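Each chain gets a letter, A, B, C and D, in the order it is written, and its residues are counted from 1.
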Amino acid sequence: MADRLFRAEGVTKRFGGLTALKDVSIEVDEGSIFAVIGPNGAGKTTLFNVVSGVYRADEGAIWLGGSTLHGLGTHRIARLGVARTFQITRLFKQLSVMDNVILGLGRGDIPMGGLIRGPRSKEAVDKALETLAAVGLEKSADTKAGTLPYGDQRRVELARAMAMKPRLLLLDEPCAGLTHHEAVNLAEVVRQVRDTGVTVVLVEHNMHVAMGLADHVAVLDHGEKIAEGTPETVQRNPLVIEAYLGRGESGESHA
Amino acid sequence: MLYLVTVSTMVCIYIILASGLNIITGYAGQPNLGHAAFFGIGAYASALLTTKVGLSFWAAMPLAVVIAASVGFVLGIISLRLREDFLAITTIGVNFVVVSVFLYFDYFGRALGLGGIPRPSIFGHVLNKPEYLVLVVFLVAAVLLVCWVFSRSRLGLMVSAVREDELAAHSLGLNVTALKLAAFVFGTALAGLGGSVYAHFMTFISPYDFAFPVSITVMCMVVLGGAGTFWGPVVGAIILASAPEIMRFIQQYRMLIYGGLLAVLMIFQPAGLLGADSVFVRGGARLVARVRGRVVQSG
Amino acid sequence: MVIQQIANGLVLGSLYALVALGLTIVYGVLRVLHVAHAGVFVLGAYAGLLVYVSSGSIVLCLAVAMLVCGFAGFLMYRFLYRPVLGRPALIPLIVSIGTFMFLEDLYRLVMGPYIKALPLKLSLPGLDLPFLRLTGQQLFIVGVTALLLLALWWLMKGTRLGLAWRASAQDMETAGAHGINTDVIVGLCFVIGSAIAAVAGIMVGSYYNQVYPSMGSVPAYKALAVIVLGGLGSVPGTVVAGLALGLAETLTMVWVGTILPREAIAFLVLILMLLVKPTGLLGRAS
Amino acid sequence: MRTAKLKVFVAVLCVLGIVLAMSGCGPKRPEVVKIGVYAPITGPAAADGLAATNAAQLAADKINEAGGINGTRVEILTYDDRFESASAVAVAHQAIERDGVVALVSGSYSTPTRAVAPIAQEAGIPHVAGYAVHPDVTAAGNYNFRNSFVGTVQGKAGAWVAINQMNAQKVCILMVDTDFGRILGETFQAECEAAGVQVLSADTYPYGEKDFSALMTKIKGLNPDLLYATGYYAEGAAIALAAKTAGLTCKVLGMEGMDSPMFLELGGEATEGWVITSNLNRDDASPVTQEFIEEYETQFGIQADMVAASTYDAVLIVCEAMRLGGFEPAAIRDAIAGLQNFQGATGLIQGFTAGGEVIKPVQVQIVEGGEFHYYAVVDDPAIITPPN
C-alpha cells in the first residue's frame, strides 16, 4: 500500500448554530483518486474550503505529508502543494488562457527579476503549452479566458491547477454543468493526471461519475461521514442508499 | 509660450497621477476615490521639507514619494479588511480627512496654504518654467517606463489576477495581501511624486488644490482612457487636462460634460477608449484586419 | 443650556436622518452607493421653491416636489443603474458620481449660481421655555422626521411591499426566484426614496433659507457615512445614526471647539468604525 | 504623446504669428486695448464670478459709451479660473501671451489671485485685485495692486466702529476659517484687547457652514453686548437666522463678505440692525457710485454687491491709468502707482501705498428696512493706511 499523503482528523466546522462538518476524518493514499460524495448540502464544498484554508476548522487536524495545514492561509497551503478548482469556475476572465495557466506556474512565487521580467519567458510558455495540451486546449492559448465555452473554461481551470505541479489536487464537482461527452473526456484527463503521480481528491454530487473514477470513496451526509470504502462496498451500503434515495426528492428541492 | 508650458506641465502631472491610480484601480481593481489625498500629501511633504526643513528639491522629492507611499501602505492595510463599496466610501473619507488636516493645523498653513516653495536648481541655476517642464517630461518618461515594465511583468500579471478573482488567486498561492499592498504603495507613491512636482511648479499650495473633485477628475481620466491598460490613463489625462484649455467654449459646461461623460462611459463603454471591449479598439482591429485582408487578396 | 444644545443637535440630526433615509431604502435593495441621491435632494429643494413661490402652499409644494423627485428617481434607476447591475460596485458608484456632477452643473446653468431664499411661512407655535427655545420650524422638522420614520416602518413591516423589499434586500436572486418582481420592487424603492429626498431638500432649504446648486455636495457623501454608520439598509438605524451624528457634532463644537470640519468628523468616525467592524455597525457579514 | 504636444505647439505658434502680424503694424494709439479679467465663473464661487465679470463688462461699456480712452475702445476678456490656482496660472499666461492683454484684473478670491501675482510681475503686466485679501498678492512685486482693504485695515476699522460707535464692552468673535476671516477676526481681537474691551470668546467655523444653532446658543449664554462675525453672505445670513432662533439680542458687526443683496434676502428680517464694514457706501452722493448701483441693477436684475463694486473699480482704475499714462504696461503701472484722489464706485481712492495697497476710507453700513444704509465712515489715516 502506498503512503498516506493527506489526513484529516476529526474536522468540525460550525457556522453560527449550524454544524456544517462534524468530526470528519479521511485519509488519502498518495497517487490515488479519492472521491467525497453526498447529497447537496452534505458539507462537501465546506470540507474543501477547510482543507484549502478558505475556512478555518473549529476542531480537528489536517496534514499534508508531514506538515500541518491547520490555520494556514489559502496561499500558504497552495504553496505547500495543494491545488484546487471550484464548483463554479473561477477563472481570471479578462486574462488570456495562457496567462491563466502561467499564473499557476511556480505556485505564486515571484522569481528573481519577476518585478522586471515579463511572465512569458520561453520556459514558462513551453510549460504552459504542455499543460494546455494535456487538457486539449493548446489552440486556445491566446483567447481571453472569459470568452471560452463553459466546458473549456473548466478545462482551463484544471490546467491552471495542474500547472502548479501540486501534490494534492482538489476538484470541486469537476463535471458539474458539463455534457456527458465532456464529462467523460474530463474524467480521462483526471485519470492521466493521477497517473503522473498527483493525488486527486474530488467532490462529486453525481454518484456515477465518482464511482467510475475513484479508487476510494467517502460519503458525507449532513456534515457527517456515514460510509467509506471502495466504490463497490459503498454502493451497497444501506445508509448511503438511504441518504441518496430515502429523502431524495425533498433533499433536492431544498437546494 | 509660458501658457503652453503651464498646460503641458499640468498635463504631465495628471499623467503621473492617472498612471498611479491606474495601478490601484485599473490593475489591482481596488476602488480609490481619494487619490488627490496622496497627491496632496506628496505636495505638502515636499513643500514642508524644502521650506521648513531646508532640504533641496532633489532630497525632498524622493522623501515626499516615500511619505505618500507610507500613508498609501496604511490605506492598503485598511483595504484588506473592507468590502469593495465600503472601501470606496473610505477612500472618499480619507480625501476629506486629509484636506481637513491641511486646513486645520497651523503647521500646514491652514487656509492660507504654504508659499515660498522653491523651484529646483541645478548647480546653483534655478530652473525656470520651461526648464522645469523638461525635467517633468523626463520624470513622466521614467514613470511611464516603470509602469510599462510593471504592466508586462509577472508582478503585473499577478496583480491583475487579484483584480479578476481574489479567491482563485489565493488558491494559486498568490499572496493577495502583499500584492494589494504593493499596488497601493506603488500607486500612491506616484501620486506623491505628482504632488511634489506640482508643489515646486506652483511654488504655493493650498488645501483645496487636493480636494475630492480632483480625485474625481483623475478617476475620469483613468476610466475615460481605459482602466487597466497602459496607454489609457495617459490618453485620458491628455484629453481631460487639455480639453478645457483648447476648447474655451466648453468652460461653462466643463463639469456638466465631465459628469455626463463619466456616467455614459460607465454605462456603455466601461472599458474606456482603449479598453478591451471598446468600440474604438474593435473598430481599429477591424480596420487593421480589413487592410490586411486587402493586402492578402491583392498579393 | 445643555438641554438647548441637545435640542440643537437633535434638530440637526433630524435633517441628516431625512437626507439619509431615502438613501437607505435604495441601498438596502440595490447595494448601490447612490451619490446622485443628493442630486435628487437638490431637485426637490428647487421644485419646492418654484411651487411655493408661485402658489404659496406648503402642502402643494411638498406634494409636487415629491412627485417630481419620485419620477426622477425612477428614471435614474431605469436608465442609469439597471444597465450596470451585476457589475463591480465601482461602476455604478462612478455612474452615480458622474450623474451627480452633471446635475449640480445643470442646476447652476438652469437656475443660476445665486443662492435663493425659501422662507416657508409656517403658522406653527414654537416652544419658549427658560431652558429650551424651539421655533415652530424646528419642531416641524423633528415632527416630519418622526412621521416619515413611522410611515416607513409601517411600510417595511406591515405591507407586502415591505416584505418584498426585505426579501430583496436579503438576497435579490432568491427573491426573484420566489416570484417577487424585483424590478418593480427596486423601481418603487427608488420612487419612495427619492420622494423622501424631496422632503429633505425642502426641509434643509427652508431651515437655512438657502437653496443653491451645490447644496447637495456635502450631503452626498455625508449621507453615505450616515447609512453605513446606521447599518446599511436599516431604517431605524439610519435615524439613530443621523441623530447621533448631529448630537456629536453639536456637542463637540460646543465643548471642544471646531477641530475639524463636520464632514471630516463624520468620515473619521466612519473609518474608525469600519476598521473595528468592517461590515458596518449593524450590518451582516457578507 | 509628445507628437501631439508638438502639434499643439506648432498650431499655437501659427496663431501667435498671425496675431502678431496683424497687430504689429498698428499706430501708436491702438483702436482696441484689452484688459483680462479672471474670476471663478464655474465651481463653488460661481455667483461671485458672475458678479465680477458682469461688473467688469459694465465698466468697460461705460467707458466705451463715453468715447473710450482718448478714442481707444476697451475690450474685456474674461477667463474662468474655476477657483483653482493651477487654472489661474494657465489663464494668466493665456491672457498675457496669447491674447495680449495689457493689464489684468482679478475678480477672484485670494488663492487664484495669489497664483497670478508673480506671473504678472514676471511678465511686467499691471495686475489689480478687486477683492482678494491675501498679503502675498501685493507682496509679489510692484506690478501688483489691490483695490480692497487688507485684512488688518478692515479688522482695525471694525474694532474702531465696535468700540467708538457701537460702545462695545464685552464682545464675542466668530471667524470663518479662511485667510480672509481669520486675519480680520484676529486683528479685531488684538485691537479690542489693546483697548481694554473684554473678548468673551473667539470661535472659528468652516467655510460653507450652515448650522450655527450650537454656536449661537453658546454665545447667548456668554451674554456679550456685541458679536463680531466674519464670513460671506451665505454664512452671514445663516448666522443672522440662527441668532434670531436662539434669541440672541446683542448688536452684530459684520464685514464686507456680507455686503451683498443676497445677505439681506437670505437673512430676511434677522439681518435688521446689522452693521457691516465694507467699501461700498450706497448712500454716497457721488454720481459714479449712484450710476453704478443703478445701471448694475437695471442691466443684471440684481443689486450690486461689494464684489461687483470692487471689480468695477479695479477696471476703472486700470482705464484711468491708461488715460493718464498711455497703453504700455509699464506706463500703466506707473500711472496706477501715482494715482491720486480718483473717484470710484467704492468712494474716493486716495492712492496706493508703495506696497500696492489702496488707501480709501472704510465705509460702515447698517441694515435698515431691508436695505444697506450709511452708518459711519472710517477715514482716520492711522487706521486706513495699510502697513507696508
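Basically, a contact is a pair of C-beta atoms (placed from the backbone, for glycine too) under 8 Å apart; a residue touches a chain by one contact, two chains touch by 3 or more.
The shown structure was predicted, so the numbers you read here are calculated from the model rather than taken from an experiment.
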For chain C, the least number of touch steps when starting out from chain A: 2
Partner chains shared by chain B and chain D (touch criterion as defined above): C
Closest chain to the centre of mass proxy, which here is the mean CA position: B
Two chains sharing the most contacts, counting C-beta pairs only: B-C
Label of the chain whose CA centroid is most distant from the centroid of chain B: A
Where chain A and chain D are represented by their mean Cα positions, the distance between them in whole Å: 73
Mean-CA-position distance for chain B and chain A (Å): 41
Between chain C and chain D, centroid-to-centroid distance (C-alpha), Å: 37
Centre distance in Å when chain B and chain C are each reduced to the mean of their C-alpha atoms: 32
Shared-contact residues (touching 2 or more other chains) in chain D: 42, 177, 206
Multi-chain contact residues (two or more partners), chain C: 105, 261
Shared-contact residues (touching 2 or more other chains) in chain B: 103-104, 252, 254-255
Category of the chain touch graph - line, ring, star, complete, other: other
Chain pairs that touch, as defined at the top of this document: A-B, B-C, B-D, C-D
Residue ranges of chain C touching chain D (in the complex, touch as defined): 1, 4-5, 8-9, 11-12, 105, 108, 112-115, 117, 119, 133, 135, 138, 208-210, 212-214, 217-218, 249-251, 253-254, 257-258, 261-262
Chain B residues touching chain C - in the complex, by the definition given at the top: 25, 29, 31, 33, 78, 81-86, 88-90, 92-94, 96-97, 99-101, 103-104, 212, 216, 219-220, 223, 252-256, 258-268, 270
Chain B to chain D touching residues, read off their complex: 1-8, 10-11, 15, 103-104, 110-113, 115, 137, 198, 202-206, 208-209, 234, 238, 242, 245-246, 251-252, 254-255
Residue ranges of chain D touching chain C (in the complex, touch as defined): 42, 44, 46-47, 49-50, 177, 203-206, 208-211, 213-215, 217-218, 221, 233-234, 237-238, 241, 245-247, 262, 265-268, 302
Interfacial residue positions of chain A with respect to chain B in the complex: 52-54, 73-76, 78-79, 83-84, 86, 90-95, 99, 102-104, 107-111, 114-119, 144, 160, 164
